[in-house]
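Please find the structures below.
Common to both upcoming complexes is chain A, partnered first by chain B, then by chain C.
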Partner chain A sequence: MNIATLLAGGRTRLGSHFFELLVGVGLAVLLFDLLRRLVTDTLRVFDLFLFVKEGIVLGLVIGLAGIGLALTYSILHFPNFAHGDYITMGAFAGWVVSYVIAGLGSFDLRDLFLIGVRGDAGGVAVGTSVVQTPVAIVTGLLVAIAFTILATILIDRVIYRPMRDEGVITLLITSVGVALILRYSIAFVWGQETTTLTANSRPQFTAPGIGVQVSTHELTLVACTLVLIAGIHYLIQQTKLGTAMRAMADNPDLAAITGIPTERVVLATWIIAGGATGAAGYLVGLETGILAFNTGWTLLLLIFAAVILGGVGSIYGAIFGGLVIGIVSNVALVWIPSDFTTAAAFLVMIVVLLVKPKGLFEGVTTA
Partner chain B sequence: MTRNRADDLRARIGDTDLVLVLGVMIAMYAMFTAFGLLLGLGFGSIVSTLQQITFLTAAYALIVLALNLQWGYAGLLNIGVAGFMAVGVYTMAILTASPDPGPTGVPGFGLPLLVGILGGMLAAALFGGLVALPAIRLRADYLAIVTLAFGEIIRIAVNSQTFQSVSVLGFETGTGGSRGIQGPTNPVRALYYTDPSNPALGRTEIGGVIFDAFGALGVEEPVVVDLTYTLVLLGFVVLFYVLLTRIVKSPFGRVLKAIREDELVAKSLGKHTSRFKIITFMTGCALMGLGGILWQGSQSLVTPDQFDPLLTFYVFIALIIGGSGSNTGGVIGAALFVGLLFQGPVFASRLVSNFAGFESAPNTFPDAVAGLGSLDVQPLVAYSLSEIQSLRFVLVGVVLILVMAKRPQGVLGHRKSPAVGVDPYRRDPDGDETESPTDRGNANEATESDSS
Partner chain C sequence: MVQQVYRRHFISAIGAGGAVGLAGCLGDDNDGSGDENGTETGNGDENLDRTLRVGVVQPQTGGLGAVGQPVTDAATLPVKQIEQADTSLSVDLQTEDTQTEPQAAISAAQGLVDAGYPAISGPLSTATTLQIVENVTVPNEVVQCTLGTAPVISAVEDNDFLFRTSTSDEFMSRAIAQVATEKAQAETVSTLTINDAYGQSLAEAFAEAFEGEVLDQVAFDPEETSYTSQLSEALSDDPDALYVVAFTENGIQILRDFYADFDGETQILGSAGLRNPELGDNVDADLTNITGVDTIGAGPSVDYFTDLYEDEYDRETTQFTWQAYDATAVLLLANAAAGENDGASVRDQMREVASPNGESVGAENFVAGLEMAASGTEITYRGVATDVVFDENGDIGSGSYVIYSYDESGALQLGERIDIGE
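Up next is the complex of A and B:
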């Protein structure tokens, strides 16, 4: 408690900028050290670019997955802990369809359904990849989106809707229940092993001048993410629905009183969030090439970190936060062993919460 | 009114809470004895089963009680429980491990067990303070996510190769990485064996008598040792219970409940609320550390897998079933969770597969549902039984949602103690003043609607 008073005292003396100052100094030291390493050649420029590229790809995955979480967090006012398992659900739904389309005729339907977790139809055998089986991949992506939308609406109708007026903690705990049901239903059907989804991600392209290679699947992921983000941006900024959503995020009571059909807006929110989440799940599978029953759950904390970093409620904040988390956890490899990259990302989130408790995009909701 | 009659009855029975807990435990014992008899287990195996149930119940109860102090009374949503337990257990293990552990072990400081336990509690409390100091002023849901992230950081740290072996001031030590670190020898063994770490060297006098007595009933030596340790654990549950009940009934506890109900009010009454919250958080973390030491630290090997974030959610589910804000509810919740959700399904599936006499279960889900085409449900049932581990979690999720939807206050949550010391709703002026605030009826309904 003495430390608490000391800290409080320190804050008043230094103004409210104590933590900001500390973080600023820390960042400056790191930046200086990065330059020193580049100059003294203990860190190759190529490696740095590689870290940044990996970081951007991971960041876009997290950002895309974070859009759905940010939307439901701001409009329904609770952190959905089942969000990670929505990602897994979308990925499994989409990839089963991709496998069936890519491997029909040459493999047993049962094996294809198991997408290589068990049985003979592994990723390499079926040969799924953007270049070899484009139809299967596109259909799979669309199915992942559609399936996740339907499932999220169903879950909302059955579970969340009757509890709409409950407090944030009640809904948070309920969503943990939903998460357990989804995750272990998937484990029940597909088992707990990790599967290799794709045959390969060739051809690779070499970025001119830098020498960093980019695979087809990474390009697909970046392209799809940018299209989805643009679409959601248009929806929220330019349509009547978007205005209604922003109004609800800002003040749900006022929105209801001005005649906004809140339940319909909630439905639309789940549709947009579910679609983005399903797509994210499928694309994560495509880019990383692996999938397991807990893929989404392990991503969830990073997604939360991104959403909080950006300031809950802002989809741009979520994408920006995702990029920060992605780049930090990769560039951190310059200083720390690879075991700790995730820990570094969480640490960044905690530090941001200390400096700016409302996130980097403070006060901006769904805009 | 019936409520008055019920109160009279309670007063005559005396400590109703004890009766409630014992009632639940007896019901659990009856259920698992029935399972054991139906499965054709011998007396020794049934005793062993009941011992395991009691051990897990007591272990969960310890952590649930600690969490209840943070969440039930101060409203601090800590979902890094597993992380704080890990800090306590690992500190204890490192402090007590022998400096010369042989080729496979991890060297430690070789300090006495008591020092290790106190050190573990202190470390857990300090880490709790480290998280709480900055995070306590955040919103409840942010605190939840920060604590969850902290738990993961701890698990990543103890799992990493970097800390597998390190040297501190010339001392070689470490966490053992993913292979884990050996736990200390259970002091209970000293009661039975002349050399606690090597049973082959002979028994003590007491050991001989007790082992013979139990051996005649078909109970094996390890079970007797575990049984004794379970009794020690039950002693700690009582200790935790008394300690927490005293804390929450004290003026300090009243402030906590005021913070839970409305922090602004507590603040405007001149209470330094963040100080209260930080102290509570640190105390809760120290108790989680101790609970973790008594539970996971009693295993011969401590590994990072034992501190999966899921463990935190189990503890939460136990507390929610019992009703947060009620210590008795927490203990009952722990018993119900262990009996019905954790061990119950496993035994039930063993029972079904024993009696149904299925052929070997299909390996995959498609094979299992293939039988449905010809209206044959047997493969699916057999597959479900073989995958009961997964289905158990689905059940846990369903129960969690049902509790939150139908009875968010839990089984005993209606007895959540009100923030006021003197009941403002009491009509009978001659009421017993010493009556515990948790034993009230109508007043709590009012507090409850205020708090929800």
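Up next is the complex of A and C:
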């Protein structure tokens, strides 16, 4: 019996090492092939750097959007499917304000409210961009954060709080319902068409020697994401609130017994998560320059992938997972046609989970 | 903006053609009831005093709901003309909704067949068309005149009961290949196409029709947040031109990425989706390197139809309204010529009413044309979309396209017409 257990354990250990070895060899082969392509000029250096840049930008978008999902998952213990629509909601709220500030006086208020979906106030006409209308952009970002915080708290009070003790499935399905209600409320007002938000993202900066261009809006997105991550890191690691949140993430019952005011921690969680999510929505709009009623919903699958890849509940994991997903789905174009790149990103996620079942940052730590 | 939604839903459903395909059709008609003049004076009065029955099947809800409604209006316009005219002919119309779903389309068409309608006009998409043909119209010997554009429709085994007044996507690709050579002077072209049946069939047909070399064929997923990497892949062999097959909303994003991350010197060849008067308002760049083609109504009586449609419905004609009018009109003319509400008889008159040597009939004299057809006069229906001449597959052997481009201010310019024949 003992020997049998030992043998079985040994086999499993050997098996998992074998798998890790396989993944390592696979990576080495890909890296070698990448170098070969670069040397033989079947892959241009420009293309590779462009793929990496696009991957980083997409990765930060996904990662920033994933912070809120990771936080709410670790504290409230359910996957919030309405998260994607929180992103859309924040984006719409912020951009309406940006349009009103940028275009007041030159355009009809109603057209500005519709942010170019109908009417004359299109992105190019209003001229929204970081350089041309900085005040409108900064105000829009702040409003997106504030509005999403208020809306998430409201939704929590009305819908999630009464169900706090229900099972995961109940909450999950409820969140799908919330997602649909939000999405189609937005579609009801702004329609189902895609609108162009920004005039342009100039000036562009060209990387010397490589030729890859980086736009002002991409730099803005990177800077804002780093600031937000640093801020959230400080909140969670250095404050009493952060300690309480980590305690709740580890064991909610124990946290309640020790006298942690759980409802107040939940409130704080929604505030941080809502703020990060609203900012993500606004910045996604700024960087891609377009917005539709289902923008967040389309991103949600990738966001979930990033959060799971990073280790559910870890905000650094979410950022890192986002970067992996983003870079893989772009660099994969070196080997496979573009219709399959998303599949490649998910394949990487599955491989990572097979090697490290709890994700890269290993589970619920909120840090 | 409204038009772009139409186009998006519409084209995606049209492209969603199944892989049904077995060649073979009946040859020439052999029991044409009366195409010789003068032999029918006896029953002419009787023919002039009857009720023509036609069913319209179009998507009014579902994915193609938005585009299907104006198309339905156009498809019922010939009936309105008859009702408003002073004629002894009357018409019995029933309209059914396909809900853009194959199963609902079958029920809709079956309802019409059960009620005894000998002919069905529509629907828009290839997928629903194929279901109706296979399950309803051909087994029940009912004539159908569809608007689906996938090449597969030509090859359906239909006992010659299936016709279409829209032109196959193949013609569109030949038109853009011609523009690539003559306007853009491109010897090498790469393609960047949406990764569905519509995009693939256009890209393949283009590769076949283009005289120069096709370098890279890249398909993109319509849900991406950025298309820079895909563009980079498509442009990696430095083609003279890039053929972009996209709907307006992806097209805008692709163009924004193109002008932001690349030098913007490559010529862009555009599909119908890149023709949009609002493109300049959404892409802040010099768009003069874009040329493309889109379908137009270019038949002899298109102007009269346009006025009639706008008066009746108070909105502009949109894509496929022309072809929808032609579909119903030619079915009614064939019915009048056949003299009875019978599918096979109507079928045998479909080519006759468009035979080249008769009295010219168009939208402006449609009711008079019906009376001529009913009294046995040889007529030639000259369409609103294009000249309606059915080949042995029931297809129209020509397509009319308009070249579009953008000026320095970003305004849409419509250029010359391209006619593609067999």
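We adopt the following convention: the second predicted complex is superposed on the first by the 346 of 367 C-alpha atoms of A that agree within 3 Å, B and C clash if a C-alpha of one lies under 4 Å from a C-alpha of the other, contacts with A are read in each partner's own complex, and residues count from 1 in each chain.
Note that in this section a residue touches a chain if its C-beta (ideal position, glycine included) is under 8 Å from a C-beta of that chain, and two chains touch if they have at least 3 such contacts.
This is a predicted model, so every value here is computed, not measured.
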Fit or clash for chain B plus chain C once both are placed on chain A?
clash
Based on the superposed arrangement, let me know which partner A:135 touches: chain B (first), chain C (second), both, or neither?
neither
Would you check which partner chain A:51 touches, where first means chain B only, second means chain C only, and both and neither mean what they say?
second
Answer with first, second, both or neither: which of chain B and chain C does A:35 touch in the superposed model?
neither
For A:27, decide between first (touching chain B), second (touching chain C), both and neither.
neither
For A:204, select first, second, both or neither according to whether it touches chain B, chain C, the two together, or no partner.
second
As a test of reading the superposition: which chain, chain B or chain C, is in touch with more residues of chain A?
B
A:339 contacts which: chain B (first), chain C (second), both, neither?
both
Taking the superposition as given, does A:118 touch the first partner, chain B, the second, chain C, both, or neither?
both
In the superposed arrangement, does A:223 touch chain B (first), chain C (second), both or neither?
neither
Looking at chain A, which of its residues have contacts with both chain B and chain C?
118, 192, 337, 339, 342
Under the definition above, what is the set of chain C residues touching chain A in their complex?
1, 4-5, 195, 218-221, 223, 225-226, 228-230, 232-233, 236, 249, 252-253, 256, 260-261, 278, 280-285
Applying the document's contact rule, which stretches of chain A touch chain B when the two form their complex?
1, 3-5, 7, 78-79, 109-110, 113-114, 118-119, 159, 162-163, 166-170, 172-174, 176-181, 183-185, 187-192, 301, 304-305, 308, 337, 339-340, 342-343, 346-347, 349-350, 353-354, 357
Touching residues on chain A, where the partner in the complex is chain C:
44, 46-47, 50-51, 54, 57-58, 61, 116-118, 122-125, 192-194, 196, 199-201, 204, 212-213, 215, 284, 288-290, 292, 298-299, 330, 333, 337-339, 341-342
As the complex stands, chain B meets chain A at residues 77, 129, 133-135, 137-142, 144-146, 148-150, 152-153, 156-157, 159-162, 274-275, 278-279, 313, 316, 320, 363-367, 370, 384, 387, 390-394, 396-401, 404-405, 408, 452
